[in-house]
Amino acid sequence: MGIVLGRNQYGKAECRVVRVVRDEARHELRDVNVSTCLWGDFDAAHTDGDQTRVLPTDTQKNTCYAYAKEHGIDEIEDYALALGRHFVEDVDSVAGARVEVEEYAWDRIVVGGREHDHSWARRGGEVRTAAVTVIGDAEWVVSGLSDLVVVKSTGSEFAGFLRDRYTTLAETHDRVLATSLTARWRWDGAGADWGAAHADVRQTLVERFADVHSLALQQTLWEMGRAVLETHDGIAEIRLSAPNKHHFVVDLAPFGLDNPGEVFHADDRPYGLIQASATRDDASDPGPAWETSEAFA
Amino acid sequence: MGIVLGRNQYGKAECRVVRVVRDEARHELRDVNVSTCLWGDFDAAHTDGDQTRVLPTDTQKNTCYAYAKEHGIDEIEDYALALGRHFVEDVDSVAGARVEVEEYAWDRIVVGGREHDHSWARRGGEVRTAAVTVIGDAEWVVSGLSDLVVVKSTGSEFAGFLRDRYTTLAETHDRVLATSLTARWRWDGAGADWGAAHADVRQTLVERFADVHSLALQQTLWEMGRAVLETHDGIAEIRLSAPNKHHFVVDLAPFGLDNPGEVFHADDRPYGLIQASATRDDASDPGPAWETSEAFA
Amino acid sequence: MGIVLGRNQYGKAECRVVRVVRDEARHELRDVNVSTCLWGDFDAAHTDGDQTRVLPTDTQKNTCYAYAKEHGIDEIEDYALALGRHFVEDVDSVAGARVEVEEYAWDRIVVGGREHDHSWARRGGEVRTAAVTVIGDAEWVVSGLSDLVVVKSTGSEFAGFLRDRYTTLAETHDRVLATSLTARWRWDGAGADWGAAHADVRQTLVERFADVHSLALQQTLWEMGRAVLETHDGIAEIRLSAPNKHHFVVDLAPFGLDNPGEVFHADDRPYGLIQASATRDDASDPGPAWETSEAFA
Amino acid sequence: MGIVLGRNQYGKAECRVVRVVRDEARHELRDVNVSTCLWGDFDAAHTDGDQTRVLPTDTQKNTCYAYAKEHGIDEIEDYALALGRHFVEDVDSVAGARVEVEEYAWDRIVVGGREHDHSWARRGGEVRTAAVTVIGDAEWVVSGLSDLVVVKSTGSEFAGFLRDRYTTLAETHDRVLATSLTARWRWDGAGADWGAAHADVRQTLVERFADVHSLALQQTLWEMGRAVLETHDGIAEIRLSAPNKHHFVVDLAPFGLDNPGEVFHADDRPYGLIQASATRDDASDPGPAWETSEAFA
């Protein structure tokens, strides 16, 4: 029974690349956080300390900055694909690559009713994401968003649930429902109008959150996911992860006050964590698309 | 030479109060983080453990929630004033109170081109703040904002500075200027249309950031602060705190690429921290207006 | 081509349970953060909003607190196993459960040279972890630690690496090596003296970090992992995730000072992220042991 | 009524300096976070953008690194004093300087029962701090610590407090008391054996926390502060800031379980924030010693 090197991968995490396009008086700005991850023929680096086949993480960082100049950062999916393909095609020892990108949105500052040419305020709110995996000739593109915080002040119930010895929760037919949504959708095949699709998926998600009368966060997630697949043929699967950010009705009776769903305490921990996905009944094998560097250990 | 109790204060920090107004089908939402801080006749609580005169922090918390029902949270300045006055006027042992409020902004979700009645997405970006101090009959109101992240891709220089033995910085006549602004402005006297004023000050700040050709972040801050005082008679002083979020031009020459201000590394630490204020030459004594609980120790 | 519900799971995250054992004058303290995650026959909850088979996350929370009383929290692996088995065995609709626990260490305060009976200071530093997965009769136990920050001021090289067009890194034969280690090791079969094993694995990891002359962080990780498997027959696999926390030698030459590895800037981002594992050549299928809730989407 | 430049200051925040002493086989390590802040004759930088008298923050950063080589970082108070004096004495336009340092502790890794020469694990837990203010010939030294998290499982009461309309809290004669202590003590005059004093003050604080039967956190803080002044003639004043990290007894009665102070929920927010100080009745004016850059706005 021998001890052997198991799965391994390495890369540069969180390169904070900012790209300005200044060919005209009206500049453009892209603000991203890029992480690369490679695997392949790197056994000797581990077992013998032999770096002959190892592309330094410093080089991977340089490549992220250089590609921001050479290829630009128009759509983060395309930028990630260009980087992923480069590592797999141009570096012999690399069998596979994953490139993950977060994009932060900026709004032009408006001065005197007119958008400024070269000044922005950061929008805050949700982050746009892309995760691209390239292995040989195969590619997976997963677009997404995170930190989309939404709330509804009515139109949400939670009742009729299973009760056991440890159940104390009261049923409710009118509660506040709030979450910070992470959504990731996997494309079936190569190209899409990534930016337009992102805006459209985002809108579908928030519309369904608002309009579905929710009997459970599970139901809301399913309706959100289903709606995205129904309106986007190119998306094979969507995964949603949603912390239930509890808003507890405060008991104001001791102070002689009623509280019919008006004053809440927004609690931090613990929180429910509801995760669901919608897929197609003929979906192809998702392969390694959903893996991330953070999940390794 | 005796040892004596020195300055002391206590309160409840970070009550996460959410207030829904649901009198009509179109609900309203206020989402705030409230902290209270009291001082007064509390020596015995320290030296003898005698709590007779101590209003528990739990009671202060309850009061924040109850006032959200009784008084509502229309403008955070008014909500903070109501709480501060209550503690000073209604609790004999309290000589002074400070109430600090952060407000998080939400945008209504738009469904089919129409704003939804009871669903919102959190705006992200900057936080609106208010800090009210009440001592006996005297009151100070400081409105503000924090985490307003702005950037300009040109229109900023830094040159002609003092050089000493430890200076290596190159002069530049075109750089990226970025900061995460904290601004706090002190009102002279009682009332104002807090919300309208806040929106107007915020707009003045970002407009000056965009329009001032900056020779230094110091100059930009001064121009921002001066413009606010020029346009708001009721504001006695404004303080601005601005980390210089460095964007370093990446050297792409080793890769055969030029980089005329197009690709930057957004660095984390260290950062410049520039702090300046604008005031009036006949301003009254600011009193304890600028103190915060965090600064105590 | 139909749209169907895909993979889903739900639970309560981050229950902050503190357990005091006070049967004697000398109390004991356990401080943990518990997260539960269930999957099974929950399709109707998504597609119809039917909660008949859904054990509320609030009940899962209650169970974590009740089990802290009924079963105690002696070893976090046993506490997690008890919770996981309960959900799978006692709740019909549950097919599988994952329970993740973080434990924070406390040191007794020493007064007059003697350990205090009921007062502690939090140790800080690394966190002990356990992740237990139960599916029907099968169980996987993964013990671990995170946030173990280690540094060595010499005994580390990085040279002889692959160079391409984007490589600018200089070779070095003496550098600072620092990381914040996450390690997780999977047990083969059921029982072990979890606490003793944890202390022993932790010691093996830091000893190998210190003693291995490192030609790359990859090599150090491999030597750490191999040593753990060599000394613990019951461990089937160990995974290590190690950010390379870069310490850059500061150029002091402009100030007329040399700097032979004495003054460093500890940088934040980007960082290398090196991940490797050691396993046995006859290891059984790891099953779902390594999955986490965070990795879902 | 004119608008004028008010108070202003600037500096470089969070220089992450690591210093290795490697004169012998057994290396020494110092790991600090340094922030500088200057004020003086800088009006023209604001009003005219004239940088002639402005020492760039980049130069301040360089100085922090260069001084780590030239002066070393033996005691952080001495390192901060050297930097502060340099800025005030050597730069004509500087009237005053504040230098704040945080130090992170590392423990040598023990291999085979013997401390390793050049490998350490970060201790975690509390941070040692120093804040030095220099104005002309005057100097203030404030030593301290932060993030010292302590808990006691009994020996704490809270009863006999003031009740008003909003009070619902039950009295208790046995509760968990936990806090994350920030302590800062101001030295009267120049020199001290900073490191030995720090260890001694830290021990005094935790001993008093453990041994005082607490009728309120206020009382515990006072007893801690008083004990420090009693045992250190050179300390003029000590300030303590202590969040009351609430541990709520969980109601297990619905599950047929009693809970006599055994199972707690450690809550996040809101928290009590108790702040108190001990001083001498003939203490000199504390001057600007307690100010920090964060408190400016």
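Letters are used for the chains, namely A, B, C and D, taken in the order the chains are written, and counting of residues starts over at 1 for each.
Please note the rule applied: contacts are C-beta pairs under 8 Å (C-beta built on N, C-alpha and C of every residue); 3 or more make two chains touch, one makes a residue touch a chain.
What you see is a predicted model; the values in this text were computed from it and never measured.
Chemist: Based on CA centres, what chain would you say lies at the far end from subunit A?
Modeler: Relative to subunit A, the chain with the farthest C-alpha centre is D.
Chemist: Tell me which of A-D and A-B has more C-beta pairs in contact.
Modeler: A-B
Chemist: In angstrom, rounded to a whole number, how far apart do the mean CA points of subunit A and subunit D lie?
Modeler: 38
Chemist: Averaging over Cα atoms per chain, report the distance between subunit A and subunit B in Å.
Modeler: Computed from C-alpha means, the inter-chain centre distance equals 30 Å.
Chemist: Quick check: what residues of subunit B touch more than one other chain, meaning two or more?
Modeler: Subunit B, residues with two or more chain partners: 15-16, 62, 66, 166, 168, 254-255, 268-269.
Chemist: Subunit B touches which residues of subunit C in the complex?
Modeler: Per the touch definition, subunit C meets subunit B at residues 165-166, 168, 254-255, 268-269.
Chemist: Using the touch definition from the top, list the residues of subunit C that touch subunit D in their complex.
Modeler: 15-22, 27, 29, 31, 62, 65-66, 68-70, 106, 109, 111-112, 116, 118-126, 147-155, 176, 206-207, 209-211, 247, 250, 252, 254-255, 257, 259-268
Chemist: Can you tell me which positions in subunit A touch subunit C when the two form their complex?
Modeler: The contact residues of subunit A facing subunit C are 1-16, 35, 37, 42, 45-59, 61-63, 66, 90-91, 93, 144, 158-164, 166-169, 182-184, 214-216, 218-219, 221-222, 226, 229-230, 237, 239-241, 243-244, 269-282, 290-297.
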